Every structure is written in structure tokens, then in C-alpha cells.
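As written, the chain order gives the labels A, B, C, D and E, with residue 1 at the start of each chain.
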Amino acid sequence: ACGDEEEIIMGFVPSQDSANIADTVEPLAERLSEELGVKVTGQVMTNYSALVEAMGNDQVDIGFLPPFGYALATDRYDNVEVVLASVRHGSTTYQAQYVVRADSGIETFADLEGKAWAFPDLSSASGYLFPAAQLMNELGVEDVDSWVSDMIQAGSHDNALMEVLEGGADFATTFDDARDSIAGDYPEVYDELVILGYTDDIPNDTISVNTNTLSSELIEQLVAVFMSFNDDEEMITIMDEVYNWTGIAEAQDSTYDVVRMTYESLGIEVE
Amino acid sequence: MIEFKNVSLVYPNGTQGLKNINLKINDGEFVVVVGLSGAGKSTLIRSMNRLVTPTDGELFIDDENILAYNSRNLRKLRTEVGMIFQNYNLVKRSTVMKNVISGRLGYTGTLKSLLGIFSKEELSLAYQSLERVNIAEKVYQRADQLSGGQQQRVAIARVLTQQPKVVLADEPVASLDPPTSHQVMTYLRKINKEDNITTVVNLHFIDMAMEYADRIIGMRAGEVVFDGPASEVSESTFEEIYGRKIREDDLVGGQDDE
Amino acid sequence: MELTMPPKKKRSKSKVIRNILIAIALIALYLWTFLTIEIRWERVFSERTIDNFTRVIPQLFSPDWSAFGKVMGLMWETLQMAYTGTLLAAILAIPFGFFAASNVTKSKVLNTLSKGALDAIRAFPELVLALMFVAAIGPRPFAGVLAIAIGSIGMLGKLYSEVIESIDMNVVEALEANGANKIQVLYYGIIPQIIPEFLSYAIYRFEIDVRASTILGIIGAGGIGTLVTIATQNRNWDEVGMILLVIIVVVTVIDYLSAAIRKRIV
Amino acid sequence: MSSQTEVRGLTSSKAKTRTTIILVAIVGIYMYTSWATNSSIIDLINGWGGFVRIATDLFPPNFSYIPQVWEKLAETIQMAIIATTMAAIVSIPIFLLSAANLYPNAWVHMPVRFVMNILRTIPDILLAVIFVGIFGVGVFPGIMALFIFSLGLLAKLMYETIESIDMNPLDAIRASGGNTIQVIWYAVLPQVLPQFVSFSLYVFEVNVRASVVLGFVGAGGIGLLLQQQVSFFNYPRVMTIIIIIFIAVVVIDYISNKIRERLV
Amino acid sequence: MIEFKNVSLVYPNGTQGLKNINLKINDGEFVVVVGLSGAGKSTLIRSMNRLVTPTDGELFIDDENILAYNSRNLRKLRTEVGMIFQNYNLVKRSTVMKNVISGRLGYTGTLKSLLGIFSKEELSLAYQSLERVNIAEKVYQRADQLSGGQQQRVAIARVLTQQPKVVLADEPVASLDPPTSHQVMTYLRKINKEDNITTVVNLHFIDMAMEYADRIIGMRAGEVVFDGPASEVSESTFEEIYGRKIREDDLVGGQDDE
């Protein structure tokens, strides 16, 4: 399916913002087909590492990779390159937030010592990497693992919040503001959970291309088409349905150096 | 006293196991039932402790119609009627003692028996029963380490431990060689005489029947065709029971004990 | 009445000691297990569990029929993966089976080596094998097929060797006495004796592989497992319900068919 | 020679046709499925570079990572122990009820078997996914998944065993006045106890292997580390974990096999 | 002609299977070898087609010393020497035809035989062999659907198909009941006479040996202790072979054919 120019495959990873991602990427693929005159198919992978392997093995041409996944992918494969990044709330970056219970008495980062930490996943930029690096840099913590009393890998941002809400953990780190997505089920969340602080800016999700399988002309064409969606009300709605994007911006690889520095400072090595 | 009154039994598949049986077996008698394969000997025996249930008639044991029994009465009946089987029916992997003491289950509460709690008297009774059939030294061996004759003696000990009023034995020697058969029959006869236990035995071999029985009952096709003391058995009786003249293989061969 | 009690049960000292040691080891094992395992009981018995129960369970039992087509499509892919993998394994396991059978392979080295290889393969869960193959050739059904094939060789090779070891060697001798050469002996004497069992085991393994390949998608190795991950991440429990239903029905049907076929073969 | 026409081959032509049809079907289906799943020999050759790459990525394993793996390995084994023990206990009434020779009434054993059969068709990891959805991440959902799965397996193995036992001792106990529970305790269980222990150990082996991967969906055990290291593409560590899993499984299988050999 | 010259055989474990055997078996003879269990009958027979290899002496078949044969010669030898076994040694799951045609394997190229390509003549020969032992109607049945006697007849047909000069039969009737045994022996005798095939048979029953043999060879402890026509066998011969007087169970019982 790949390698030849007859079909372009876009790879996605499931997102908790999108209840049925396989259906929501459909209109996007259709529109791209029309614009490029090449058949475009959307394919949902189980997680970002599968997507990275798929791009590395030339099974996927365009990957919607999260920042950490992108940084790792460039370490592992030479043929993955970011061309575009998402815009949310008018920004190409976002932050991670520290959430604690309103009645917990935790007021500074230093208070987090010896507390139970709920985070979505070790490989989540906002959920673990950036907060962990921040605690190390700002407080001089050497081993975050033993600095907190418990590390609970909750599986998702929602779950991390709920751990705190129910007392299973003392604080959670999520993207800003993950509370919105559980407010439907737990309206009390804004009162009971408060934000202790934020991390530095994290670059947004990428649209990365496979330079093995796509010619540079085609990549340019792609970028142009995606950028044109910014002026297209209908397409912005579609992108919003897929990943809550409100816009698309051009992006460079160097933007993601901050991510690389972060995980290197945590001692995560590839290979 | 055991009394059959017009007892018939039809198996669910339509086979007529018993046909209009009328019999009286007195206390302390040693009765041997003979007949061709399929004549209904097992059915007759097994109806006396309700392992099968006659479909018609009345069956009295000590003047109570056991066909009317509910499952509670039934268990009581079975504690009083011991049974010995052709294949010994021991639990092979359990010890001899555990097999023998299982004769007391009918007298023991469920929980107690699950925990293996038996009174001193019961344990002693079980051991004495083993002594009576001369096999006490095997008390803690596993049943599958015993020979066929020894296993059957354990089965008799189990029945003795039950302290029954009646013992039923369904071809107790069919799986044994002639000398061992005689041994087992001798033990059965012994407990019959010593404890005055009514004993009903199915046998295949006619000469053995005549040697041990007080009374012989001949069956054929679900009916009783002969009933009388062993001394009254004649050539014509054989013909009636077996439908042909007696042949050499109806006899088990000479008696030679251990 | 005077009671004759049975003699005390004789137990050899070493047996008693052995039993005590076993008991201590078992108790220690369970103490270690229950004392050190971290079960977060406060989470297990939390309000959220009840919440989830009332949300997840009813959805599981009202499968999302709109997903039926999609689910069946992926189930079909799963079956294809299982079939391809099993057949590959059924063939590749044959040399292993012969090498591991001590009655036809006289070389002790070859024997031990192939037995060891088969044992080693069986120690790997399919999912771990699939992980390797996804890393090697990317997330696609072929990775799953390879995982299934390799995993099945372990079991089929062992079963095959047991079949071969149980054949009637007299027949082999009779053919040798006719002047048949090694290959002819194999073809006329050994293969007819083993074919039905081999087939039966291969079909049995297909049964297992269908079950195994339903989950490989969880790490991206194709089939219906992919959908399981996506649906649970998006909390589409009614879709998970549909997947469950399809797996249960398909696996049951396959088990039934396979049992029926195997009965006819042997 | 009069009989020449009568013999055309080594098997009757009917049998020959049947064999040919079956063979063609097997090969035909294979060609289709290997095409549909892109799993032909050509794909193998095309993917060769990948195999070489992953092989070089995996070696040498990172042995300094071993200490971090122990804890999760212990957790894995503990999960298997708890799940197997629970399944062994709970399966007892279930397999007794599903044995057709103890409960000849089909209304009793058929529904129980039906439920057990269904349980066995659900892959353990799918059960884990569902239990994680209900109980949240951690070892508990993993234990539940293993428990349910082993329950079905153990119940089936055991009721098949019970159906093959010697029924005569049951008659004997019944004839001496024992009630149903006593019959089971004194005549059924002694006959099946060795198999029960043996099957439980076997299920334990299966569970160890299964619990290795449950961590992938957040259900505890060593699989969590595997998932983390895979998502970091840290293959030397992945290899370390795989080696440890391998050794653990082999050792446990070996011990359990030795015990089982001595049992029956 | 088969000739043993000072042949001895010591098994790897040290058992002396044959001790200094000197024998001449002429073409077309029907020789029966008798002896106690362990006397070396099987060893003697099996050395004639080198299923076992004597450790000493020379063994000539048609003036060639087969003990010097390499594996190629050996296959050639074996195509000329047919063998019949106690347990028939058929491939149970193959058809009768496939079993019988396997007698031709020594004459057929490997590839051809794998593809099941046999000439019309060979197929016809196989079928005729089946006709000669009266079992042609079972040609496409699986061997495991036949009775023991029928299976042994198929084994004879297999040997016939081989068109051997010599037939060796190692207790061909030991697994069969007396009437079937006689039938099988009759067929062996028939092919011996019709095709003039030298036949060497091991037998357990002395009376059967005398009934069919031209010549009887008695063995004891690896040595030939009697060798002569059946008519010369006397009470004292028995004592020599068996080390005791003849008893009733050395005889198979009366002959009654199908």
C-alpha cells in the first residue's frame, strides 16, 4: 500500500478526546484525497509506538504523532520528520498542570515530597516527562521515584484525576486542563480539585511525514493543503472532532529539542 | 424379615427386571440366588436396599414398606442393610481404614464425617471387623495395593462395621479365583452365623451355592422359578433355572482353601 | 465392652519431616504472596468501582450492533492470521518432531537440541513474540502470523515427536526386511501411522491460535485486538461488548467444528 | 491377466478424490489467507532488514536493569498464585455440579457447563481490559482476569476427570447410608485429588505465562515494564525483561512438572 | 541354497544368541524351527536376511556370503528374502493394497514409490497375490478393519508380491487361534509348493510343526540339537529339545479349517 504513490496512509493514535476516532478521521481523509488527487486512507494504530514502527517500516506516510512519540521516532528512524503542528486555543504549545485536592493543604511543589503521585503514563509528555523533569530541576530531586511515596500509572489523564478525586493519590499531573473531560461525569471536579502549578511550555502534537515514501513535492503540497484548512470553517470543525485542534501551524524539528532535553535529563535513553 | 409382595420392576427402557415376585426371607437365613445372566438377580438384590426401586408391589423389611420411604428413611434403611459388590467397590486411593470406617457414614453427621471425626468405639469396631476377616495388618495400606480376595475381605469388614441386620452380596466372588472364592464365602457364612445377620447372596456357580446356602432361590427372566433348601435341588431344578442340563462349567471346581 | 484400637499409624521419620517442610514452604509462599502484593483495596472498593460497574456492565451486555460489520471484518482478519500461522507451524514443526523423536533420530545431540528448542519456544507467551515481530516489521498482521507460527511450532513439534515415538516400529522393520530404503520406509511405514494424529493436533492448535490471535492486536499485530484497544481507550464499552460477543460465538463455533473434524480423523 | 483392470492404484478412487479435494482446499485457503494478511514468503524477504535491525537492537541486553525487574516479576508470580488458589477453591462446587455422572439431570450440569465454556472462549487479556475498566489499573483486575479464565479451564479438566472415575465406590457409600456430600467426600474426591492438584499446578503454569502480558493493559505484573520499555524503544532493556521472563517460566514449569510427575 | 558355516552371534549385552551353527537348507524345502523360548529361533531366522548380524562365521545364500554385504547389497538381498512376522506388521491405517504393494518397494525407485507409481504388472501381481490367499475382496479396506487371520494373509500376500526366493516366518501363527493358524500354515505350505519357495518357519507348537514341515530343526540355547525329517521326530527328540517329556500343552489341538 505504501512506497508507491498510489495511496497515502495517515496514521493516528486513539485519543481520549475523540470517542470514535476511526469514524472522525474519515472526512479528513476524504478531503485530502480530493485536494491531492491521490487516495488517502486513515488508519488508527493502537498506540504511538506502533505508529512509529509503522512509519519506520514504511507502512504509514503521514503520522499524527504526540510530541514525545515524535522525538523518540526521530531518534530511532531517520525518515520521520515533522512538518506541521497543531494549534489549540491559539497556541502551538501547551502546559502540564499539577492537580491536588482543594482540602489537601498542599501549597508548593516542595509539599509534594512523600505524597502519592498519579500520572497517566510514563510516556506522556505532559503527564509524566515534563513534570518529572521540572521537579528534578527546580527542587533538585535526584530520584523522583523515591521522592514521592507512590507512583500510580493510571492509564489515562482522566484516571489520574479520578485517583486524586477519590483519595487514591495526593496529586496528579495532566495536560491543561484535563478536568474539562471528566466534568461531564463529575461536575464537582472544579471545586474539589485545584491547580497547584504548571510546567514550561510543551510543543503540541505533530503532523509528521515519512520522507522515504513521500517526495518533497508531495510533502510541500501536503503542507499547503493542511495550511489551507485554517481558512476553511468546515475543516477546522473536522480537525476539532479528531483531536480538538483549532488550527494548524508549520513546525520545525528543532522545536522538539526541548522534549529531547527533557527525557534525556530523566535518563531515558533510546537503544 | 424381608417380604416381597407382588413386586415388579420395569426399567425406564422397558426391560422387565422383576416380574411379580413373592418371597419371604427370615431373619438369620443365608439365601443364595442363582440364575442365568440377565435373570434379574442383581435387580432383586438391589431392590432390597432401594438402589433400584420396584415399580409395582410392596417390599417389607421388618414390616415397613420400604417402597414408600423418603430419602431420609432410605438412608436409615441403608445403614441397616449392608452390601457387598462384585468389584469390591473400594475407593482405591484411600487407606483400608478409611474404606472400612466409611461403613459408619450413615450413623455420622455430615460435618463430623467430613472432618474425619469418629468416636473411639467406631474406630475400634472398624479395626475389629478387619481382624474378623483376618486382614488387620493391612489397616493403613492403600486399597489398590491389595489383591482381589483381600479387597473383598476389606469390603466385608466395611459391611461388618456398619453393624447391619441384613447383608446383600451381589456376586461377591465373581472376580475371584476358586480358592479365594471359597475363602470369601466362608467369611460371609461365618458372620452370618456369628452375628445372626440375614444374608442374601447372588452366585453364578451352582455347586458353590449348594455348599453354602441354607436356601436357594432360582430366577429366570425376572421370575422366581425355584425356592427351597439346598438339599432339594435336583437335576430338574437346574433345567428349570438354566433351561438346559447341567454342564461342567456350571461348577466352580473343587474346594481347596488357603 | 473392651475396645481394641487400631495400632497407631506408622510413619517414617523422613516422611514426616518432608511433609512438615512442604507445609512450611507452602505457608511461607502464601505469606509472602499476601503480605507483599500491593492490591489497592481502597480503589477496588471505591465509589468509582460501583460507578464503573453500573456504566460498563450494562453496556457490555448491550452490544453496539452498528459496529458489527467492522468487528466481523477484523475477526475475519484474525481467522486468516490464525490459519496462516497454524499451517506454517504445522509444516515447520514436522522436522522438529522427527528430530526430537528418539526412535527415529538416533543422534543424541540432535535429539536434545531440538527438544530443547521446542521447550524454549513454549516458554514465550505469544504476545512477547508478537512484540518482537512488530518491532521488526512494523504493526501489521504478518507480525501476528509470525508470532502464531513460532509459538505453535513449540507445541506442535512436541506433540508430533510424541506421536512419532509411539508408532509401531515393527512395521518399520517389516519394510526394511522387504528391502525398502530409508525414504520408502518413512513414506510407506511411518507417515501413514502419523498423519491422522498430526492433522488432529494441527486442527487443535488452530483452535488455540484463533483464541490467541484475538489479542495480538493489543500491541499492533493485527486482527480484532486492535479494536479492543481503541474501543477501551475511548471507553466504548458497547463496542467492547460487540467484540466479546463475536469472539465468543466465533471461537465456540470453531471449537465445535474442530472437535467434530478431529473426531472423524482418528 | 484377468485382474489387471480391477486394480487402478493403492487406494480406491473415491478415497483418492477425497484426499485430493481436502489437500487442494487446505492449500487454496492458505494461499488466500497468506495473501490477505500479507504473510507470504515474499513479505518475509522484504522484511528481512527489520529482523536484522531488531536483532542488533536487542543485543546486548542491559543487565544493569535486572534489579528493577525483580519486584514486578514477584508481583507477576503472586498474581498467578492468588488467581490459581482462588480458582481451585471456587471450581470445586462448579466441577461437581457439571459432572454428568454425579448430576445426571441435564438441567443441572448443562447450564453450568455452558457458562464455563463461554468463560474459556474469552481471552484472558480481554477480561483484563474489562476489569481494568471497572477496577482501575493495578494487580486486582489482573488477578480477576486470571481467576475467571482459570476457573473455566479447571472446571472443564476436572469434570472430565470425574466423568471417568470408577462409579462403584459411590454405590458402596450410598448403600451404606451416606448422603450426597459424604458420597462426594469419601468416594469422589479421593479418586480425583491427585488430578486436581496436578491440574491446579498446570493452571498455575498457564497463569504465570498469561500474567506476564497482563501489564500491557494495566493489569499488573512484569508486562507493565515491558510496555514501558517498548514505548521508549529501549530494546536492550526489553531483552533483559524477556530473558528474565523466560528463565522464570522455564524454572516454574520445571518445578511444577517435577511435582506433577510424583503425584499421579 | 542357504548355508550356515560356523555361525555364532553374541548380542551387544553379551547374550549368546547362536552358537556355532552349521546348516544347509536346500531350495524349495519347508523347514520348521522349534525350540523353547529364548532358544535362538528368531535369531536364526533374522540372521538370514541380516535383521541381525552374526558376529562370527559365514552365511551363504546362493553361494554369496551375506555377512560381507554392504547396505546396497543388503537391500537387494532383502528383496529376495520375504519375511512374515508374528504381529503381521502391517501399516494399520493404510489400505490392504498399499500394504501389499509395499512388497515391491525394493524393486522400485524412491521417487516413483513416493508418487505411488507402480506398473500395471506390479499392481496386477499384488492383486493376484491377494487372490491367492483368498482376500482380494478387501483390497481397499484399511488393514485395521481385518481380523488377525486376515491380516496375516495380507502379510503373506505382501511377501508373495515380493516374488522372493526365500520366505522367513517368525512365529506366524502365535497370535492366532488354532483353526486360523492351520489356515495360515496351509497357505504358507501352498505357496512353498506352488512357487518352489524355500520356506523357514518358527513354530511354538510341536504337533503343527510335524504336520507341515518337510524337515524340522530343533534348537536349544543357541545350538541346533535336532535336524531331520518330520518322520524322524520321536519322544527322545522332544526331550532333547525341550529338556523334558512332551506334555499336552505342547500340542495345539485338533485341526479344523474354516
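One rule holds in what follows: a residue touches a chain if its C-beta (ideal position, glycine included) is under 8 Å from a C-beta of that chain, and two chains touch if they have at least 3 such contacts.
Being a predicted model, the structure only gives us computed values, none of them experimental.
Chemist: Counting one step for each move to a touching chain, how far apart are chain A and chain B?
Modeler: 2
Chemist: Going chain by chain, each one touching the next, work out the least steps from chain A to chain D.
Modeler: Steps on the shortest route: 1.
Chemist: Given the contact rule stated at the top, which pair of chains has the most C-beta pairs in contact?
Modeler: C-D
Chemist: Rotation angle, chain B onto chain E: superpose the C-alpha atoms of these two copies and give the value as a multiple of 5 degrees.
Modeler: 175
Chemist: I'd like the Å distance between the centres of chain A and chain E, where a centre is the mean of that chain's Cα atoms.
Modeler: About 83 Å, centre to centre.
Chemist: With chain centres defined as C-alpha means, what is the inter-centre distance between chain C and chain E in Å?
Modeler: About 48 Å, centre to centre.
Chemist: Between chain B and chain C, what is the gap in Å from one C-alpha centre to the other?
Modeler: 50
Chemist: So which bits of chain C are touching at least two other chains?
Modeler: 40, 43, 48, 135, 137-138, 140, 218-219, 229, 235
Chemist: Scan chain B for residues touching two or more other chains and write them down.
Modeler: none
Chemist: At which residue positions does chain D touch at least two other chains?
Modeler: Within chain D, the residues that touch at least two other chains are 47, 50, 57, 132, 136, 230, 235.
Chemist: Can you name every chain pair that touches?
Modeler: A-C, A-D, B-C, B-D, C-D, C-E, D-E
Chemist: Enumerate the contact residues on chain C facing chain D in the complex.
Modeler: Against chain D, chain C makes touches at 29-30, 32-34, 36-40, 43-44, 48-49, 52-53, 56-57, 60, 77, 79-81, 83-85, 87, 119-120, 123-125, 127-128, 131-132, 135-138, 140-142, 144-146, 211-212, 214-215, 218-219, 222, 228-229, 232, 235, 237, 240, 243-244, 247-248, 251-252, 255.
Chemist: Tell me, which parts of chain C touch chain B in their complex?
Modeler: Chain C residues touching chain B: 3-7, 9-10.
Chemist: Sort out for me which residues of chain B touch chain C in the complex.
Modeler: 97, 120-121, 123-124, 126-128, 130-131, 136, 139-140
Chemist: Which of the residues in chain D end up touching chain B in this complex?
Modeler: 166, 168-169, 171-179, 181-182, 185-187, 190-191, 193-194
Chemist: Of all residues in chain C, which touch chain A in the complex?
Modeler: Counting only chain C, the residues touching chain A are 40, 42-43, 46-48, 51, 70, 134-135, 137-140, 217-220, 225-226, 229-230, 233-236.
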